[in-house]
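By written order: A, B and C. Residues from 1 in each chain.
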């Protein structure tokens, strides 16, 4: 059996990072005082680290840079503080839980708006919503939050179990309480990062559009991880009030979000440890420099400069650069240089398969969406009157196609004939101005690329749409997870190795497209022809009943073309395929029936012979040569 | 229900705040549209300009010198930032650009804090601007009325630069299709420095004019940065008319809602942004499907 | 010496090899057509000449100097002008501003606005309209007008007739023929082979990134087997 991971250390000691972290947290009280950290600073670092775990899942793993995390930190903090000081709930631990839940609810609300946009806009929107939360706390809600005064007198947690009464008094006992929560948070975050769910998050960071087209409901994943990040923020905020015995309004301030971003980047995004390391650097600098005359006031200036230098020259951050360096060395010293270690940021590694029963609820069947099954006598794919107009431009006008089950249809036409637009409508990427698409007789218009893929139609792209920083094997996991798990599943605590027959499915598809030998190579080192095959492999791995191929031979050398034509012949068994291709020899060799588009309209249909002898088609290609000659 | 005079007073207040937001956002949006860089240090640059103006005013008692110094320092600062850092970020992902400009903002704030301390200063109003004006429906500090006029003139000047000069033509074309501008024989990259300097000049001038009106302290730019983001979202990315109209809308929302419940005024601003986002995601003047 | 001499250029898109050792030349006052099927490398050739795509190997001698590897704006200043397939009119600028933008870096001997408007009276009528409000034909006139006002020594036309109504194609064709008669040098890529052949003195055929044929327009017109093999279906 081919193991999912070549990381032998991880294979033998899958719990090593968790155990090392636990050990470090336990011995810290005996070591940190010698380094100039007291219990208060140590606890603060852990609170920032906990806050950062969620943010790292959001930014480091999913690629969503939010500048509004303070909203959730503050929400969790103030709800916890309000409940515990007013005595509505007299158990601080319960207050923390309710505070965390409140932050999650708020996360869903903000997320629904902010996640409508990406990139720059997402950063601006989260920043703006963060500020909105600050003002909400400050005035409209000041009756409950104390406005600019905050809430004083937040009690410390305690345990009452009848036989056991324990109060986590401030100092190292409270550190212990926070450390325990941090550890739990870390274990969960690491678990999430190594789950199928975590793998999808990384695929969204690498290529959102393709993740969507491979059957993943990207918006829901984004909202889920945004909510998770809000939960971490809420818990951390609650703990801040508990630690300080006071909940400051500054928790909601932009500086809080900014500090979180800077700490995460300094420590290393996508490493989970990064935010903790960044917080350590931040608080250590502040504490130590403050005692040095003349420099004390400049501690944050120094930090800012360090930050700019790191972003410019060491973008992976302290932890990230260290991991990169270690992997680089290891890769250089072992034979298996192309070992998947070149992955820039941490991506989910998979644990060994055997311990499947330990991996939480089985979501395989629950999430799965049944494909639309072929029905007798019904065409596999049908377009009725498809039309797409962009303003005054008529890209496609009233095109109807009917493609039978098991057929291989060629779609040709001169430049600008509307082939790509037609393909995009068939694959659900754009909404037709008019007309409908039927898959095995079922109307699938308007279900979008994710839904179409889940229904069993998949497309390979003219320009490679791969997950560049992942290995070939990890690339192949994305479509297979889409098939196995359905458009959305919250299998965050399940390990990738626990998903049934995953290895087997990956290996089978890799074998089909002839990439078995390159399974653990990073995608970035593949030759162009190999990337092309991976591109087709991604579409194939969703096990589609109907496969659309957009110029599968584009940019290939003659030898690669021959290989790919052979590949297409291999995979067509049991499938319906539509191929757009300019290589006429290949089209005539592959397709038994051809549709010709010209200027957005269906010009002719027929067998290769009929098409080759069709004057209208020749005219379309040669620009009305014969008419002009006679004119 | 608020009285008509209060309503007009607030309308005027909104105009004053709106024009400031318009000028600051115009600087932000032309940099964003042309260079593709969202400048998170924009608010900090406003703050630096206010400090320069305050310091010069205190030292020389000359308002004109103060404004000139603020503009000059900001243009130079903008050029240093573009040449020294941002030019290396044009080919990097937008997240990296955000991070580095955010870092620049932090550094600027901290430099000022180290030099001048964290306390607030107030810049004296020039002699010709002291006193009050009775405008019938309201009595208003004279300088504020004049500041509105000065900002309006600055916006007009910026408009003329964008719509009547060579650089403006290149900037407007570059916001839409940088590659085609290059194909027409123009070195777009070289205009980036000028555009960044122009955006810095806009925010610098705004900082100088507003320094006598608000408390000068290291954090003063932060609010403005967030509000100018809101303006850009409402007005549309890279659009000068969008920045002006968006700025005025934002200013009026902030002041008019204060009449009913001051506590909610800022919240209403963000709510307006959310509404625009849902109904017209590209903003009022934004171009759909821009590159 | 030819106005344009291309020797052995190779071009890539990312890691995909598109052009293989392409040779070609264009003499001054000549109209050359570059024909081939979709995806054969026609547009990439034009982009490689113009510096939009940087050739990985080979020479592009234009007006006596090797311009391979230079950025597009420098090549444009030396007198080569690409009229891109999508026309790329600046939509928020008026017709006149679009021309003004093009004239900014033009030499002193450039066409005057009046001369361009005289040549395309339709542009004169629409000089205040914004680029995005123009029809396809008007956009193409403006795109060519931008090249004229720069007094380009060599105009590269990428699919100038694509998506235009036949009557508009005829008018544009007449305009191009008139320019050619007046000595304007063109390199045309066109799917409409008939139109291209009517305009061109000489032709190249490209297939899968390789130059496979060179000859006069008449010679190609008289070789249906060549056309069928490289252009037909």
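Please note the rule applied: a residue touches a chain if its C-beta (ideal position, glycine included) is under 8 Å from a C-beta of that chain, and two chains touch if they have at least 3 such contacts.
Here the structure is a predicted model, which means the values were calculated and not measured.
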Most central chain, Cα average position = A
Key: Pair of chains with maximal C-beta contact number   = A-B
Note = Taking each chain's mean CA coordinate, chain A and chain B are separated, in whole Å, by 35
Inquiry  = Could you work out how far the Cα centre of chain A sits from that of chain C, in whole Å?
reply    = 43
Of chain B, residues touching chain A in the complex = 32, 38, 85, 88, 94-96, 98-100, 102-104, 106-107, 110-111, 113-114, 222-223, 226, 229-230, 232-233, 237, 261-264, 266-267, 269-271, 273-274, 277-278, 281
Query = For chain A, which residues are in contact with chain B within the complex?
reply = 63, 65, 67, 113, 116-117, 119-121, 123-125, 127-129, 131-132, 135-136, 139-140, 142, 254, 258, 261-262, 265, 297-298, 300-301, 303-305, 307-308, 311-312, 315
Task = Using the touch rule from the top, collect the residues of chain C that touch chain A in their complex.
result = 13-18, 37-40, 135-136, 159, 162-163, 190-196, 198, 208, 227, 231-233
Ask   = For the complex, which residues does chain A have touching chain C?
value = 392-393, 412, 414-416, 464, 527-528, 531, 551, 554-558, 582-584, 599, 611-612, 614, 617-618, 621-625, 628-629
Task = Under the touch definition given earlier, write down the residues of chain B that touch chain C in their complex.
result = 166, 169-170, 172-173, 175-177, 179-188, 287
